[in-house]
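Quick one: the structure is below, and I'll ask about it shortly.
Chain IDs A, B and C follow the sequence of writing; residue 1 opens each chain.
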């Protein structure tokens, strides 16, 4: 029984709490679809990047997992995930065709007011209210993201767990984990409404998945690694260079990521007609951050090891893209360079922490690349958003914000003439980080631990004592 | 002498027999061009996928054939193919700039009425009536398709026939075979007019090439294989896993196919302004079918061999894309999942049939992947088209269809409120399948047989008895 | 002190000297951004193509250089290059948002008139006048070009010079060399104004980088090779086929180039609304030239060596793309086939010249592929431009040209009804070729020579006699 939390009766009250355009020309929809197609280079790129860094016997199974995740995530998100994430999007968006998706469940009593939604419940299998072109477009634009979120833990856990466990894990992420936090941040849920409800800046903001995809993916991987237990042997291995053909594929993967990202940031139909953004600035920031991160990671490896490290450079490019995703529409280009550079520094430090201090077995460097960069990207928004763009985001400040007409999403280093959005925006970002981390870690750890125990229990009857793997 | 079949005098009568927009903003043309550029990932993807499944000594020659086919098909289609396919398109389309392409030859007397066109005869070398932006755009949008059709047989016949035979074969396909059936289905020829002339539903429908490209390519490959003779040796070989680097390229190829397909379905300027379609539904169906096919093929291999089969999974993804091409604008997403799943099941069964029962030498699995999936896709349209989209397609039912206003392309499982389009649409599809199969098989078999005989005759004078290869 | 050359006072006089649209819908800007994203496949493709042709021990460092160049070029162009290239673009364009970029330095006294600009001086770090969406878009559209220009010499000089020398070289190209000639041709400088000032046709024209990127890159590579000294050993090496996996990546690289180029030609916001061009013709010419060049290079290798040469075919495709870049909007498709075919013939002849006659060490074939094809492309425009398109280009002939209303860019083989633009357009192209060659060679030779001498001087104090490398 869902008690009192259904928001179907409060449609009008919450309309306009996100800044979505009223009408959307079909032409605009087409380029959002093309951009979404290009964004499928992202899972392809991560698959190549991860396989390229593996030892020879793990490269193919890892790439196979990347391919499998593509199929699994699509199926899981079609059947269930989309409904959980966007089942209530019609409550906050007035885009044509989303009017049927108005079932958002909230754990809080209606007296708390609207905007505490925690889960959508409409549109399973893209039926019942989700059979409109706009809902199809919204579904489609999420696919590269949900596939990526699913494959991050798979790429690093290949061969650590049985294949069917990983397959089920990918389904779980696409059907449940990603949609839950996705609902909170993008589907009209409580994280997006932290601004309206608690006056925390513009509420939690993650434009293109720093948190929703990469922090989530990195934390999920961490949960899986911890649940499956530490391994102490072959610790020297990672220092060895992999054979010749794999670095080339890793480099290709990194370059494909860059191109895919330039599609991703234009793929959401929710932002297609948002006139408060500069699309050119978004594109510039994406490449600038990638460049800064690549250079710092490359130079760090150069100065510490005396030579070029292909994997570090390639992962550096990825880290910059991940870090800039949250804030790319809201910061000026020179800060994108800084955000990227910091991500490029955090990457080798994070890998050192994970590999040598914590001694975790993370061959695809999911924790450092995805988790750390994603978290930094969410925080960076609260520092560098300069107030020029995003007025009205998450329903905050369409007319004026902090007393300034036209001020948009703001952090600490605002442009002249604007008011500091600090520390309120930071609190919103920290709340989001905590929420994502807790949900993703808990679900992942429980899932992998439960299946691990189950499998060991089932293999016990055999006379031999239980062994790992 | 072309007797009485020239349709140049019946322009007005046949206008409107296809649903094309009157005006087309330049902006729309640009994204059709961008989408067409992205669609060149398809021949690139198939080249990687085929090479990745080859033994080491065949991988490079096969990829080289993929590259050569790109150049050959473009040249052949420029010189001759476009004119044969679209030389009469001006008779059925009122798009600006196609008015000069009005020479469609028909074998039937004019008393049979219009719509029995079999071949266009204008626009060779993109001159004379084909020197307009719209004709250029139409030409360009066909290139990824014609390149793909040409390389399908090449990829599987590499090393079976001499290189110059394959090169001539690719030219033949691009300049003659593909354009002939392409005229029938897309250039205003008789297959498209089966609805108008014989009341077979909306006439033969193949939105993005299930039949025109893949059934044609698969059947052409079959014709070549049979003409060149069976080989009985090294039958055990295919079971061996290829060396490590090739599976990664096969996986990359499959993922590039997915992205290319998302460009392909938006690349035709003929459908750019068609308001009867939902472009978002098309994109969703493409990825959904790919997912379903990938999963079923992967699971089939898993259950039958006990392990993951990279090639089967990668080809599975391709099979789903091929199968959904015909019907993607006309079916709801859950049926796209079914269409893909069936394609994913037909694939291993087809490979077993070809490899072990028929003992044909088809190393790129062209017959099972392209031929079988393409045929299934054409049939699936007649089953799953639900009537919601495509009103007025091929000149049928712009006002009402089967007595229902607004009903579009319909098969057996129509949405509630619509009338069954079964079995008439099925008859149209079966007619198309028969026509493509007969033309493609006959031309391919004759060509390869004739050259095989010729070469053997020319090598006879040497004292040694003639040998294969 | 910049004496008298500042053109900030002559804004009005020079307005309209380039044909730019007054208004630009945001929608159009988006597809220029998407096209620009796709164009990043070009540096990725060249990286694969070059690595694929290397010996095993050079493949990975070469690819690493390709990755590094991406980061370096972006940083250098952001900090300095954009300001040098487009700091005065506001003087010649009336696109909204470029009005702040009006500082163009000229070495000539103001009495010479306007249009002798040689360097922009505004917009460093995308600040001060360059912080508008349109300036961001213009910056972004140059990135694939500047990255490509930077990596051409790096790909061929890897392992010849120390890594930090190459890194500095890439920065120099992106921050200074490319922007200087870029200013002259595209930023409102003197090469573009050769038509207005000296009546040389439409002034120097290079639509998409035959000269600005590839002639420049090839000449820079030549300068570096000569500065670093000839090597006489291991001259037999290049004839040996590289190991199996590399040709596949070279082929993939070539196919990615084709797709990237189809983005590149649509990526510049300066031409987005230019109604005097046919975008479909541009796309058709790009693929047609690629096809012609691929076929000729492939057949040449076939006839001379008796077998397929993967690298020659792949580089042939690239050469065709490079050659058609300058003239793709201005020539009919059949001449694009000719332009490509000539490029495909020049390629093996050029490689023979460089490798066997001049005995230069150019493992990525930068001189023949980029330099020669680029130069040919610039000349080809003066031969094949047929007058149908580009009226008003570089401020010439918006009303009439050579007495014919509506005549556009014209060379020797004009369409019927138009006047010959020969030899004036040829003189403009030759002037541009000379300017690019001199600047690029001088700066590259001086840079690599100076650092070479410096490094040898610094390593002298060690007792051993100085040695190379």
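Simple rule for what comes next: contacts are C-beta pairs under 8 Å (C-beta built on N, C-alpha and C of every residue); 3 or more make two chains touch, one makes a residue touch a chain.
Keep in mind it's a predicted model, so treat the numbers as computed, not measured.
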{"item": "Shared interface numbering between chain C and chain A [over half = same, under half = different]", "value": "different"}
{"item": "Angle of rotation relating chain A to chain B [CA atoms, steps of 5 degrees]", "value": "120"}
{"item": "Distance between chain centroids, defined by C-alpha means - chain A, chain C (Å)", "value": "37"}
{"item": "Interface hub residues of chain B, defined as touching at least two other chains", "value": "27, 31, 34, 38, 245"}
{"item": "Residues of chain A defined as touching chain B within the complex", "value": "26-27, 29-31, 33-34, 36-38, 40-41, 43-44, 47-48, 51, 56, 59-61, 63-64, 66-68, 70-72, 74-75, 78, 125-127, 131, 133-134, 136-137, 139-140, 143, 163, 245, 249"}
{"item": "Interfacial residue positions of chain A with respect to chain C in the complex", "value": "25, 27-28, 31, 34-35, 38, 244-245, 247-248, 251-252, 254-256, 258-259, 262-263, 266, 275, 278-281, 283-284, 287-288, 290-292, 294-295, 298, 302, 308, 310, 313-314, 317, 332-334, 337"}
